[in-house]
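Sharing a structure, written as structure tokens. Questions coming.
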Amino acid sequence: MDNAVIVREAHVAYLIGLGDDALILGQRLSEWCGHAPSVEVDLSLANLGLDLIGQGTLLLAHAAEIENGGRDADALAFHRDELDFLNCLLVEQPNGDFARTMARQFFFSTFQNLLYGALTASSDSELAAIAAKAVKETEYHAGLAREWVIRLGDGTEESRRRMIDGLEWNWRFIDELFVNDAVDEAMIETRIGIDRAKLREPFDLIVAQSLAEARLDLPAQHRPVTGGRQGKHSEHLGHLLAVMQHIPRSFPDARW
Amino acid sequence: ADLVAAFEARVAADEFIEPKDWMPEAYRRTLIRQISQHAHSEIVGMLPEGNWITRAPSLRRKAILLAKVQDEGGHGLYLYSAAETLGASRAEMIDALHAGKAKYSTIFNYPTPTWADIGAIGWLVDGAAIMNQVPLQRTSYGPYARAMVRVCKEESFHQRQGYEIMMTLAAGTSAQRRMAQDALDRWWWPALMMFGPPDDQSPNSEQSMRWRIKRDTNDELRQKFVDATVPQAELLGLTIPDPDLRWNEARGGYDFGAIEWEEFFAVVRGEGPCARERIEARRKAWEDGAWVREAADAYEMKRRQRLAA
Amino acid sequence: MDNAVIVREAHVAYLIGLGDDALILGQRLSEWCGHAPSVEVDLSLANLGLDLIGQGTLLLAHAAEIENGGRDADALAFHRDELDFLNCLLVEQPNGDFARTMARQFFFSTFQNLLYGALTASSDSELAAIAAKAVKETEYHAGLAREWVIRLGDGTEESRRRMIDGLEWNWRFIDELFVNDAVDEAMIETRIGIDRAKLREPFDLIVAQSLAEARLDLPAQHRPVTGGRQGKHSEHLGHLLAVMQHIPRSFPDARW
Amino acid sequence: ADLVAAFEARVAADEFIEPKDWMPEAYRRTLIRQISQHAHSEIVGMLPEGNWITRAPSLRRKAILLAKVQDEGGHGLYLYSAAETLGASRAEMIDALHAGKAKYSTIFNYPTPTWADIGAIGWLVDGAAIMNQVPLQRTSYGPYARAMVRVCKEESFHQRQGYEIMMTLAAGTSAQRRMAQDALDRWWWPALMMFGPPDDQSPNSEQSMRWRIKRDTNDELRQKFVDATVPQAELLGLTIPDPDLRWNEARGGYDFGAIEWEEFFAVVRGEGPCARERIEARRKAWEDGAWVREAADAYEMKRRQRLAA
């Protein structure tokens, strides 16, 4: 394959990975709708979910455009098999209780905000524009989740116990966010993408400060669990896709 | 008696009553019941549509539906606030809902088994709600009337989105057309029941009309809805499941078949197909979330103490 | 349409309805696998689930055979849309806690055992043979579920409260089991099927005796909830089908 | 000392030790640990496969898988019984599992994201289990040996079913072949780790061999497994994910690449990809079911009292 083809494939995979992260977490958040601890929380979770589904749609549409193979964002979301989903494992984890949901959100939005911040300088101007819009959204998400981590960590005995569990439950999946794989390397070289490893230090700083404010310790070390970004997922994604894809898969000729 | 006369005169002159104004106790109680019932309907109404957010058939539809359900939660919030201006507490209102004492619209006790139900709810249920609510923008109690202005604006947006879903399905594959017709078959009669019992069986109506809490009778609104909706169904190429439906040239409106009021009253009694599911879902959300609300309160208390120290 | 065609269509619908009842409840029971109150209970639920899936497979295969349109039992199970599923609402209800599961099972197996008993005399010899095998299985199911109703009803305060809830939760869906619709009428006439209404009295007797032994009252009257047998389902079936059908729908050309 | 000598002589003569026989305390403890660990593995092992029962792609596969998982529960039950003959109580064993004190096979801490994993587990995991368990049919403790006879018979049936799933996938569409290769890629190395650490790092092995609790070393069994499995993979047209794998004519066996023992020890420590999920699922089932077990006990007590009265 000539180099242009390799770069284009990496470019598509890169955008799909970013898009899947947003879409899958948006889907998870939308599961809360109607079931959150208060109407106010329900609305704020829906808000985050909407932003993420919006980001996912833009990123997948852009991936489809670069791919130029007749697929669109819906085809990528609804007619792709599990092995082709390139999201990180963190976003596909079940909601669990509100503490697990918020711990996951805090970690992911903090990461995603740093990522989009860096991507505003992407040599792919379309991606840079998407990132410029999304960075504002994710700044809000990260702040909101951070407040909940603090509120629950420094709330009651029960909320503290649950938030500790939530942080520990999700901690295994953090390392995966900061590893550059072959796709990342190709994207760094072309300046379409960014060096994930460089985001770790600011991420660790925000986490450390926030947990200190929540009067919580950093979770204990755990062997990293990885693979999502290579299509090797946990047991949870398949169930999510079964729900998300059932109607489009059942009526392949229909437009909605 | 002077106070009552003055109050009634203001209402008759289409002035708004405000929270600090004197009002008859029955007026206050009627309004609390009606507004909290309306608020509960918005919150419970998130469930049948929420049932489809995770399975919406396209990204665009998923986002629109999530935003719509979010709007409903927002309506619930400002309606609870309007009721609070009358001295009701939100905790009491929610407890009454969970205990099965407070009512909510009968329509949300019907299930949404297919995607077409999302179209049908927008088209018919929001359509009927708008018929009910447009006059409420001029209802006599100020905070309620102002809440209704905002609600109506969003509802009519939702109604158009619902109709657009139905248009897409009606113009789609045979499976989609079938789904659309099936949804119309299931929602038509419950939508007509949304306007409440016939006027001759609606005991509270008269006083509510006098107080301008209501401005049209149930049967008037129902007729208006039928007249507006039948041509829309025709445009979709769908059949309204009523063999007695026909245009009455003399009246300039549609005659329609007899409504099964027995079903309506059973649903009001809490025997709707999804009544148990709806209340259980709301209770569960509330009980499962108790520790979160407690933690938020505890944290807020600590924060204030720290600021004061 | 000539009468033979009408009867054949009714015959197919009849078998599909019976098969869907068994399959959907088997699917529900299989959700318990690995999560039951004890290993012994886990195995007995799996046992019931296996029998029901077996019955469902035979009935759908027979329906496909009568239909003679190129579909087989798998096509009926995995490539049929929700509106074409003809099971009663009772079997699609979520498991809830163990008491709801057992109340559902008690009602359904008691009914199904009476139904299969009557169907052993079907003029459709294949259906009669399926029923003859299944009637033994369902006798065991009904007995096992009955024992749990009694054990939980007459166990602790908590189990009694839960069993009362379980019976009430499912009671709304009982009337549907005993209504003859147009398909039933056609099948009664040809002696392929049986008169459901006649099963009500023995059913009520068993329920009354069992609840008396469990020291429980009959649930309060509730307006019957119906529609499943005409394809008008509760909100639960779609979620069940999304899970059950996702893989075959996603790989329409594959054989497994 | 006489007792020990007599015991060891019986073991050396391949006689079975029975529950009522005298045995060294260390023998009893080792067996309880091993048998309960084996029982826990069967019970926890229901989870990764149970994950696919509701989504099995055909009715036949669904029934086979449900029956298989049921068999595993059955194995768990008779292994718990065998351990109970040594004086361990089932409640204690289960508590130890839920507290994270008792181990279970590392292999069940890996996820089953695709249907091909069900094939791979049958083929590789049950295949490896059989290699481990066939010699245990002649283990020195009678009840364990007899349980193993039944277990092995069913396991080899399961192994054939798993291989058949892989054959169907390998002969299927390109998506199915890809799924099969992906599963082999993920399960190969964890399957090799199932035989335990290399002999030179396996401190308990020597005594267990002497007592005929074990009859082959970890490395011997691992080699046997590789030699049996490589030709099966070739028959499927799948590639074993080991660039160092090659036939060694001189030894008459396959050389294979270095195993990442660091991963194995992390998984043993409880850091496997699904370790938290597995223990949480078991605990939740146990806690959610407590009221059922209590009710059954309470009812049984009442029943006896009534019979006695």
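We just call them A, B, C and D in the order they show up, numbering each chain from 1.
The rule is simple: contacts are C-beta pairs under 8 Å (C-beta built on N, C-alpha and C of every residue); 3 or more make two chains touch, one makes a residue touch a chain.
This one's a predicted model, so the numbers in the text were calculated from it and none came from an experiment.
Student: Any chance you could name the chains that touch subunit B and subunit C both?
Tutor: Touching subunit B and subunit C alike, sorted by label: A.
Student: A-B versus A-D: which has more C-beta pairs touching?
Tutor: Output for the comparison: A-B.
Student: Could you put a whole-Å number on the gap between the CA centroids of subunit B and subunit D?
Tutor: So the centre of subunit B lies 57 Å away from the centre of subunit D.
Student: Using mean CA coordinates as chain centres, what's the gap between subunit A and subunit B in Å?
Tutor: Here subunit A and subunit B have centroids separated by 35 Å.
Student: When the C-alpha atoms of subunit A and subunit C are each averaged to a single point, how far apart are the two points in Å?
Tutor: That pair's centroid distance is 41 Å.
Student: If a residue has to touch 2 or more other chains to count, which residues of subunit B qualify?
Tutor: Each of 55, 175 in subunit B touches at least two other chains.
Student: Name the residues of subunit C that each touch 2 or more other chains.
Tutor: Touching at least two other chains: 81, 238, 242-243, 246.
Student: What pattern do the touching chains form: line, ring, star, complete or other?
Tutor: Shape of the chain contacts: other, as it matches none of the listed patterns.
Student: Can you identify all of the chain pairs that touch?
Tutor: Touching chain pairs, listed by label, are A-B, A-C, A-D, B-C, C-D.
Student: Touching residues of subunit D toward subunit C in the complex: what are they?
Tutor: 43, 46-47, 50, 53-63, 66-67, 69-70, 73-74, 76-77, 80, 115, 165, 168, 172-173, 175-176, 281, 284-286, 288-296, 298-299, 302
Student: In the complex of these two chains, what residues of subunit D are touching subunit A?
Tutor: Per the touch definition, subunit D meets subunit A at residues 48, 51, 55, 111-114, 175, 178-179, 182, 186, 263, 266, 271, 273-274, 276-277.
Student: Of all residues in subunit C, which touch subunit A in the complex?
Tutor: Per the stated touch rule, the residues are 81, 238-239, 241-243, 245-246, 249-250, 252.
Student: So in the complex, which bits of subunit A are touching subunit B?
Tutor: 23, 27, 30-31, 33-43, 46-47, 49-50, 53-54, 56-57, 60, 73-74, 77-78, 97-98, 150-152, 154-156, 158-159, 162, 243-244, 246-248, 251, 253-256
Student: For subunit A, which residues are in contact with subunit D within the complex?
Tutor: Residues in contact with subunit D: 81-83, 169, 172, 222-223, 225, 227, 231-235, 237-238, 242.
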